[in-house]
Amino acid sequence: MKPDRIFEKAARSLAKRTSRRSLLASLGQLLTGAALLPLLPIDRTARAQSPSSPVAKPTADEQNCEYWKYCAIDGFLCACCGGTSTSCPPGTQSSPITWIGTCHNPGDGRDYIVSYNDCCGKVSCGDCFCDRNEGEKPMYRLSRNNDVNWCMANTESNYHCSVSVILGVAQK
Amino acid sequence: MKPDRIFEKAARSLAKRTSRRSLLASLGQLLTGAALLPLLPIDRTARAQSPSSPVAKPTADEQNCEYWKYCAIDGFLCACCGGTSTSCPPGTQSSPITWIGTCHNPGDGRDYIVSYNDCCGKVSCGDCFCDRNEGEKPMYRLSRNNDVNWCMANTESNYHCSVSVILGVAQK
Amino acid sequence: MRTYDPPGVPMTRHFPGVILLTLAAGTVSSWAAAPAGPQPSPLPAEHLTIATVGPKSPHWVYVVDYAYANEIDSRVYLFDGDTYRRIGQIDTGFIPGVNLSPDGKTTAVATTYFARGGHGTRTDVVEFNDNNTLAKTGEIVIPPKHAQTLAMLFTVAYSSDGKFVYTPYLTPAASFGVLDPARKKVLSEIDTAGCTLVFPWGPNRVSSICESGRLLTVTLDAQGKEASRTSSEPFFNPDQDPVFAQAVPLPDGYAYVSFLGQVHEIDFTQPKLVMRTPWSLVSATEKGTWRPGGVQIGAVHRSLGKLFVPMHRGGDGSHKAGGTEIWVFDLKSHQRTARWPIDTKELGSVIAVQVSQDAAPLLFAATETANVLVLDAQTGKMQHVEKKLGQTPQLLLNP
Amino acid sequence: MRTYDPPGVPMTRHFPGVILLTLAAGTVSSWAAAPAGPQPSPLPAEHLTIATVGPKSPHWVYVVDYAYANEIDSRVYLFDGDTYRRIGQIDTGFIPGVNLSPDGKTTAVATTYFARGGHGTRTDVVEFNDNNTLAKTGEIVIPPKHAQTLAMLFTVAYSSDGKFVYTPYLTPAASFGVLDPARKKVLSEIDTAGCTLVFPWGPNRVSSICESGRLLTVTLDAQGKEASRTSSEPFFNPDQDPVFAQAVPLPDGYAYVSFLGQVHEIDFTQPKLVMRTPWSLVSATEKGTWRPGGVQIGAVHRSLGKLFVPMHRGGDGSHKAGGTEIWVFDLKSHQRTARWPIDTKELGSVIAVQVSQDAAPLLFAATETANVLVLDAQTGKMQHVEKKLGQTPQLLLNP
């Protein structure tokens, strides 16, 4: 399993100035209502849904379960369902909450933090099922779990497919 | 296509004493409400649902699409779903309306009139799909059509599987 | 969920999962801006988007998957015959009727839902989907008696001007509903005296096919109520040689193909239906041996005047057997111009055909093993095999 | 349909189909009584019946098919390990929790339905099915936040006396509901401070598993409200060696198996949870190479004290890989008593195991290719392969 230094670092710095419980409470406050979304990786979807959204032209890589970005995905690859590795198919909505993975890119030798999002509101795509679990954790560590239906909080909460979005480089 | 002398005969005898329209009207009356059921082959299900109903012990024949009785069936064989060729699986309801076929029994060289009934109220069984169409007719001849969902008039109108019930010998 | 008020559980407490996400988001964005490591420079952060459908192509096809083993979960895949990729999906419920509006902008789905998935209260609706976004835009609740039957173009249909939508009912009493897709309401229900399905013509005519071998044609008034009805002469004998109910649309009407391969072309453009002289897909020697069969048993390229039919060697009761060959006919000369054998061992027999209407047409063929074949409609050359496009694809519609 | 009044279409007109049926019924019954033709005498008329479930056998198994490619249409097949036939089916909706009542008479299904099949208003329910008739007997509507996750025994569960049903919620805030199955009502919702799932014990205790490596245990009062809560000592490290959330039930508690094969047995019978000394499924040399994996990753035969685990050669991230062998352990000595290789090329790797609790036990194993294997649980001898029992069977329950 790849090290999640990002979390260790964050946890350490936060530990200095707050107890876990008050941290949970204070963050909990931020995590409600509209205030929640700007904090999440997925605030980008707001822009994404503008008319400038692309017509999907998935590469062969993106339709292949072995693609490095998919190291902790579990579901149908949106690139086979009308989307790409970073775009939900037409007529679906992306999940505002998500799980993440740390994937090694053989192309540049770096580890990247990847956000996996479910695309929601249509029944199962059914194509290109891909289940990879590098660094995946059980449900008690929710942010690293790919088993739950991450469409759970969507107005239309049916699960259609999953995407994989690079957030940034994981520090060495 | 096997001759349906049964209908020709019935039609002839009826033709003597009534016009088609008044026939339709009068039969129509009988075909509504509870008065309908006793007229249909399927009044037997009333008895069937009594505690004396059997535990299904389907034979290999009954689970085989080639079985002679299945000559005009279209769907999942109930004998693979918890029933037999003449019994619906537990927890389903039989359709009070039905289509029929005329099937040749190689065992005794006779043609039999067979009633096909859908078993209703659960989602598709999904096993032993069998589509045979001897004497099957398009939807405009409904009593010989195996395409429509014959659970249509059931309180629970989902389609689960289909059975095949001998009504009697077709006259030579 | 938004409408539910959980008893005594403030939503602000304890989200370990999401908290970590929050940290991740915060911390990562700063890194993305941080100086790059060793060359090559790191991949930039990506943005999640929602794909759009893009400009319509005549080489798209709507593939209706009836999902027989999971029949409450049928769906339509919009598939591109040039790039061989899925463009998107429309959900279609239980044994649906699916059809496009005359302008191609809307997919209408007449279907059935249950309050509890496969059980509970039945609700029938016609749902409207925007083909440009693949989003559902509205619905009309109809009487819970939509005719649930074989995949075909006549279990929901539009009038030629798009102002009416017709849905056949079966209880088993036969009738059809007239709907107003603009105002999203049911206008009327019209009894069809045992005749069934809806074959639309013009802005206000609906024909149904009868056991007597006739077509019943109902003309509607501006309110969608019955103005008049006429019954055609019998044009086929359901005992001797029944026609497939799934007629093949022609530029000026419909062709009803019989189990034995007789083609009954009917001109719908006149005040009364005009039955043309039937012609045969098969020679005298082929008759009774080579037969049309499957589900969507024919497709016409209108400007080229070509008819494509999946054909098989069969006998009585083989009318649903898929084609081992696709035969091509000239609609003017009635001559067979080509026969294209299919590798049925490898691909399965052909149960549905559709042809694009452009000048470089593609022939789409769905097989009994759920493959969708893409052929050059002029040469029969196989361009692509889309393996397992869903579970039981049986109906193909042009965009 | 019974409640809908069709506008202006008397139901008494024109049923060509049914009319013929009516004639058939009348005419045929008289024939059935008529003198027989040439020998042998004709087959008698048959009577349509509804099959019954019959007396329960310990060799039955409830197979939950999550139907991933048609996820709104999951279902349970009741399968007989002696006769190798389906006894019947229970419909289970979208990503359900499925569990049996302590007396085995009821199957509880916690699931989600949408007003329009896969879209529209979400309704979550716990449905109750009579295992003697396989008919739905009732339901409780719960908040629309049932935890939709991996197949396991802990997404709906009964108290030991059957008086409470527990359902985990996730929004992603974690909590669980306490239901009264007799009066069919929701009694309470209890916040679990980020801990998740419901591991029931006794008449009124519910434990949830926490990211801290602890178990949170809530004790309920007679009204199903929280009476008290305690948190255990940490018993695993989620960073170094996380445990599978899908615990293995023991006679006196649960065993939590780690990715690397450590078995954390916890005694639930005491006022406070008692963590026994962990033991390992693997030797020092096997550790990190041979791993447990799949979905239902262990099963225990209580009276024989045997543990069955699907094992594979893997590494980090292989915890969902199915077993290429099934290993058998003695729960007293912690010794491995057998390893049974599976022909994974032919059958697929084993992702779920269950063992019957009788003296001649059967081991059931579901594979990644949807086969269900029936083995002699004492010898490992393969008795039967049920090919393709549904689409994605992943959870096996004893009757």
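So that you can tell them apart, the chains are marked A, B, C and D in the order they are listed, and the count of residues begins at 1 in each.
What we mean here is this: a residue touches a chain if its C-beta (ideal position, glycine included) is under 8 Å from a C-beta of that chain, and two chains touch if they have at least 3 such contacts.
This is a predicted model, so every value here is computed, not measured.
K.L.:
Using the stated contact rule, I'd like to know whether A-C or B-C comes out ahead in C-beta pair count.
P.N.:
A-C
K.L.:
Suppose each chain is reduced to the average of its Cα coordinates; what separation in Å results between subunit A and subunit C?
P.N.:
35
K.L.:
Based only on mean CA positions, could you tell me how far subunit A sits from subunit D in angstrom?
P.N.:
Chain centres of subunit A and subunit D, defined by C-alpha means, are spaced 29 Å apart.
K.L.:
Going through subunit B residue by residue, note those that touch at least 2 other chains and give them in order.
P.N.:
In subunit B, 24, 97, 122-124, 126, 141-142, 145, 153, 157 touch at least two other chains.
K.L.:
Listing for subunit C: what residues touch at least two other chains?
P.N.:
Only 1, 11, 13-18, 69-70, 72-73, 91, 94, 117-119, 122, 136, 145, 171-172, 194, 211, 391 qualify.
K.L.:
Viewed as a graph of touching chains, is the assembly arranged as a line, ring, star, complete set, or other?
P.N.:
Topology of the interface graph: other, matching no listed pattern.
K.L.:
Could you list each pair of chains that touch one another?
P.N.:
A-C, A-D, B-C, B-D, C-D
K.L.:
Name, in rising order, each residue of subunit D that touches subunit A in their complex.
P.N.:
By the definition above, subunit D touches subunit A via 68-72, 94-95, 112, 114, 117-119, 122, 145, 147-150, 170-172, 194-197, 209-211, 238, 242-245, 316-320.
K.L.:
Which residues, counting only subunit A, touch subunit D once they are in their complex?
P.N.:
The touching residues are 1-2, 24, 71-72, 74, 97, 121-124, 126, 129, 131-142, 145, 147-149, 152-153, 156-159.
K.L.:
So in the complex, the part of subunit C that touches subunit D is made up of which residues?
P.N.:
Listed in rising order, the residues are 1, 4, 6-9, 11, 13-18, 67, 69-70, 72-73, 91, 93-94, 111, 113, 115-120, 122-123, 125, 127, 136, 139, 143-145, 169, 171-175, 188-189, 191-194, 211, 391.
K.L.:
Quick one: which bits of subunit C touch subunit A in the complex? Just the residue numbers, please.
P.N.:
Answer in residue numbers: 1-2, 11-29, 31-32, 37, 40, 42-54, 73, 75, 78, 85-91, 129, 133-136, 390-391.
K.L.:
Taking the touch rule as given, give the residues of subunit B at its contact with subunit D in the complex, in rising order.
P.N.:
Residue positions touching the partner: 6-7, 9-11, 14, 23-25, 27-32, 36, 39-42, 44-45, 47-49, 51, 53-56, 58, 80-84, 86-94, 97-100, 105, 108, 110, 112-113, 115, 117, 122-127, 141-145, 153, 155, 157, 160, 163, 165-169, 171-172.
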